[in-house]
Amino acid sequence: MADWQIDLIKVVFIWVWALLIAVVMTWVERRASAMMQDRLGPNRAGPFGLLQPLADGIKLFTKEDIMPEKARKILFLLGPPLFALPAFSAYAVVPFGDKIVLGGKEIILQVSDVNIGFLYVLALGAIGVYGMVIGGWASNSKYSILGGLRATAQLISYEVPMGLALLTIVLLYGTFSLREMVLLQQGTFLGFLPNWGIFKQPLGFIIFLVAAYAEANRVPFDLPECESELVTGYHTEYGSMNLGLYLFGEYVNLGTLAAITVSLFFGGWTLPYVDMSKFLGPVAYGVASFMVFFIKQAFFLFLFVWVRWTVPRFRYDQLMGLGWKALIPLGLVNLFVTALLVQLTI
Amino acid sequence: MATETVCITTGPADVGDYVSLNIGPIHPAMHGTLRVITRTDGETILSAEPEIGYLHRGVEKLGENFTYKQFLPLTDRLNYCSAICNNVAYELAVEKLLGIEVPPKAQLVRTIMMELARIADHEVLVGILGVDLGALTPFFYLIIQREEIYEIFEWHHGARLTNSMGAIGGVEAPLPDRFHQKWPKMRDSIRRANDETDKLLTHNRIWMDRTIGVNAFCEEDALNWGFTGPMLRACGTRRDIRKDEPYLMYNEFDFEVPTGKHGDVFDRYMIRMLEMEESIKIIDQAYAMYQEMPDDAPLMKKVPKIIKPPAGQAYHAIESPNGELGFFIKSDGSDKPYRIKIRPPCYMIYQAFEELVKGEMISDLIACLSSINVIAGELDR
Amino acid sequence: MSLEQRIKDCLGADVVEITEFRGDVCVEIPKSRVIEAMTLLKEKAGFDFLSDVIGVDNMDLYAKAKKAKKKKKDEEEEEPKKEGPPPPRFDVIYLLLSLSRDERVQVKVRVPEDDMDVPSVTGLWKAATWPEREAFDMYGFNFTGHPNLRRLLMWDEFEDHPLRKDYPLEGKGEERHLNYDTV
Amino acid sequence: MPRRPVVKKEYTLGERVYLVEIAKGLGLTWKHFVFNIKASFRKGPHTVPTCWQYPEDRREIAPIFRGAHMLMLNNKAQELCVGCGMCAKACPAKCITVKRGKRAEGEEAKYAGKTYSASFQIDMLRCIFCGNCESACPKNALVLGPGYELAEYDMESCIYDKKKLLANYHQAKAEGKLKPPKKPVPVDAPPAPKKPAAKKATAAAKTAPKKAAGEAKTEKAEEKSAK
């Protein structure tokens, strides 16, 4: 197989994988929230209601696509894809496994190991804002525009602490490549802890996680679409598959953020204390590393759901306060301390 | 009580740059059919004008054309969260007009049912407040308890929501077997659900930030605006009609009246949480008294089949879950009331809505609306 | 001192009539003295809380009384005809409450049909804002001095006053047409 | 301009840092999550506290539930309704229309009374299920039954006629959901005032209640002394 064929397969695989996660997440969200709230959730479509996302998809596709009369037509249609595509694209640099040997060829389980993968992720996260803002503005509705405004302010504000938290990681590992970062997390730290980012950067992890919640518009930071105040915020006026794209994009975003959290702070596909490559065959090792990665990612996806159904929502000004008054100073302090420690130890 | 106050200053609402935002009548957070026309500067509210009447059904006009018995089912449709309180308030008003007092056993049954309704109402309110502030989960923990309470209602008089409980002159049935079987367990489960809500919300900083100091209101203003019930008690006035002008047998029960300090959303929430506990206490005491009564103790006062109160007018108020619920009835001696005026508690509170939310943010408007517990049914009548 | 006595002492000559029914004291005051009497009640007698403002249309009551009288007259056929000016058609009843004493009093003002002006008490209690608007809506009282006397429950274009006794229960076929801005 | 009391926020350290309380909350929802996961695998209806899987599992309905109306028959399968129209009078929604018919010769097996309801219609679109008709019925012939599935495809079938009302009865009887006979409510009556067929009900109402009120008071006093 030529390299481009392999790349194509990888792209398709990651695309399907991202979509699958998004689809299954809609089911997990509904069922898990139901279980937390003493309910059952959707359980009629298929076994355990597993076909519910499919039913939802069919429903969304068959709905009439309504466009508000005074909407900006092109921008209105541009909004949803602009929101969903960056979320998908960010998967490209996620290292979802170590390597697998197929047909005598060693294949790295990552679409492309860009040496600035890390910046790529941040940049794509920033593009996602446009989807919301444009969608909110183009619908020509006050609720939508408020949602869009909130989204802009929130996402731009929380990009700063996120960047700060990630900078410390960069300082620590001395690289921008996500794959190298994962590789550097093998072994142990202080003799007994896994050599994971979270143990080296606990504060950075918390800041990153909070910022990730804000980036993903999840409760407690779901202000752009907070249902009780702004109806559904920036996608109030959307229907049919345009709405579906927004909803899917959100879950894809969750998947990306979970994957990056795992890669940066939880050792990616590596297992602590155990080196799987030593006692597994080359094919089995590839699959196993992917599975390890997936389990870790699934935990974070579940955490997103779990937190959502536990806490209330922030108010707009409090959200900004948290971002600018707490997270950014903390992030700066963390950055300086880390820089100092790195400087002293090297 | 002199609390430190500040004047809320916002820009003028009629000049300059503002966005007029029409919230409701179709909006997820507008309980029922409320509508608020706001003018906002960014997210800050410059003015908020509530518009009501979307659910106006002319209950008072209907009442003038119905007999006294026929009007009872209509009172269910006022505050549908605690229909029993409306029923009993109306019955008490007519009984006052007739000059009768129902037998003590019937009074106890009414008391127990009313307190159960109060718990149900407060549970809905606290749950909805959580939902509007983004926490959906406590709502479900509370709503299960409400279902249990509704089951008791169903076994007592056959309906869950629109109860039409009792009749003028007493109640039709003693406490149902379900109540005897379930109450000890239910008491614990209500307490547990409240504890869980407490755990999820009260000390959570997000919740505290969202509620403490939001829509704080002065005591004098509250009295001037005619606030009653938990809203007034949250401002610091210890007023509860059950204590101050006891009706039924409330003077024989031992219970506390929780009061707040600032009249903010948090105080209102806490007062309702505490009142549920007090209601449980009242039910326990009433139940103990009820059990001492003989089985064949009368439940009904003998009233004529066609109720014709003597000409005159009377006003009777009870402490409904939201405040003073009064029925003013003027009789001309015929079998139909000459004039019925309902004094719904949330009506008086909701008229101060602009004062409550001015200078706050849109999110606080939603929180304020939920914490008032505006029920469109009794607001518009 | 009984409640009636205290109110009498407080209001003095303003009291037209005090009645008591089932423990509810109702004091009638002349329409022109509403603000003065209410201020006295609020500040001197301690009735510091306004519960509600209620409008009543007495039309049917008078018609009934007249009918009964006529019946009687037909039976007896003796009574001389004595027709004074018609009694005022409407009542406005203020429900006052004293928070410190936990007493309630109803203050009644009689309003004739040809002079619907009633002084507004919103200056004393803001609580009267909506009840007065509602009374205007339902009966057509003109509360002078009210900051915002518009219809409350019925829509703005509505012309009648539905709680008047001569308004039919089924309505007069009014329908609300919303004019949306369709530009 | 509205005034606002100044509220000083006093948070403990645990509250200030968000995470402690959120962790507690997470623990609570996790507890529910595990409990419900286990419960949802259990067999039987209503395993999870809030949910009834409706068409398959049904809640137990109280025997006195106020649902769809039914016209009762007595033990001899005779119709109890005499078509007096008291229910129509008592109805606040004015949804009942009754026509009275005289029992003809040879119809004794069908009707219990000398008259019967020639037609009986209840407009279920207007009905508010208050139960006034049931309590007004002198023969206990009209009863609000256990039926609560009232959805229909067209408006005509929402107007229940006699056939439907009797069918409701038969269905409820087959399911064993008929109401137990009503227990008479103990009434606290003044010692029967012997009045020659009180025409002036107002007068009766004026005198009787006062007596009654007095009695209630003495009763209360007795009860207190008994304690």
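So that you can tell them apart, the chains are marked A, B, C and D in the order they are listed, and the count of residues begins at 1 in each.
Criterion: a residue touches a chain if its C-beta (ideal position, glycine included) is under 8 Å from a C-beta of that chain, and two chains touch if they have at least 3 such contacts.
Bear in mind the structure is a predicted one, so any value in this text is a computation, not a measurement.
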Subject >> Most widely separated chain from subunit B, with each centre as the mean of CA atoms >> reply: A
Original post:
Which of the two pairs, A-D or A-B, is linked by more C-beta contacts?
Top reply: A-B
**OP:** Mind checking the centre-to-centre distance between subunit A and subunit D? Centres are C-alpha means, answer in whole Å.
**Re:** 53
Subject >> Between subunit A and subunit C, centroid-to-centroid distance (C-alpha), Å >> reply: 65
Original post:
In angstrom, rounded to a whole number, how far apart do the mean CA points of subunit A and subunit B lie?
Top reply: 44
Original post:
So what's the Cα centroid distance for subunit C and subunit D, whole Å?
Top reply: 38
**OP:** Quick one: which residues in subunit C touch 2 or more of the other chains?
**Re:** none
Subject >> Set of subunit D residues in contact with two or more other chains >> reply: 22, 25, 28-29, 32, 49-50
Original post:
What are the residues of subunit A that contact at least two other chains?
Top reply: 36-39, 309-311
Original post:
Touch graph of the chains shown: is it line, ring, star, complete or other?
Top reply: other
**OP:** Determine which chains touch and list them pairwise.
**Re:** A-B, A-D, B-C, B-D
Subject >> Contacting residues of subunit A [partner subunit B, same complex] >> reply: 33, 36-39, 142, 146, 219-220, 222, 226-231, 309-318
Subject >> In the complex with subunit A, residue positions of subunit B that touch it >> reply: 19, 21-22, 27-29, 43, 130-137, 139-141, 144, 200-201, 204, 206-207, 209-210, 361-364, 366
Subject >> Residue ranges of subunit A in contact with subunit D within the complex >> reply: 32, 34-40, 206, 306-307, 309-311
Subject >> Residue numbers on subunit D that touch subunit B, as the complex places them >> reply: 1-7, 9, 11, 14-18, 21-22, 24-25, 28-29, 32, 49-50, 61-62, 64-66, 90-92, 128-132, 135, 144, 183, 185-190, 201-202, 204-206, 208-210, 212-213, 216-217, 219-220, 223, 227
Original post:
In their shared complex, at which residues does subunit C touch subunit B?
Top reply: 21-24, 26, 48-52, 54, 56-57, 60-61, 64, 93, 95, 99, 102, 104, 106, 125-127, 129-131, 138, 152-155, 162-163, 165, 167, 169
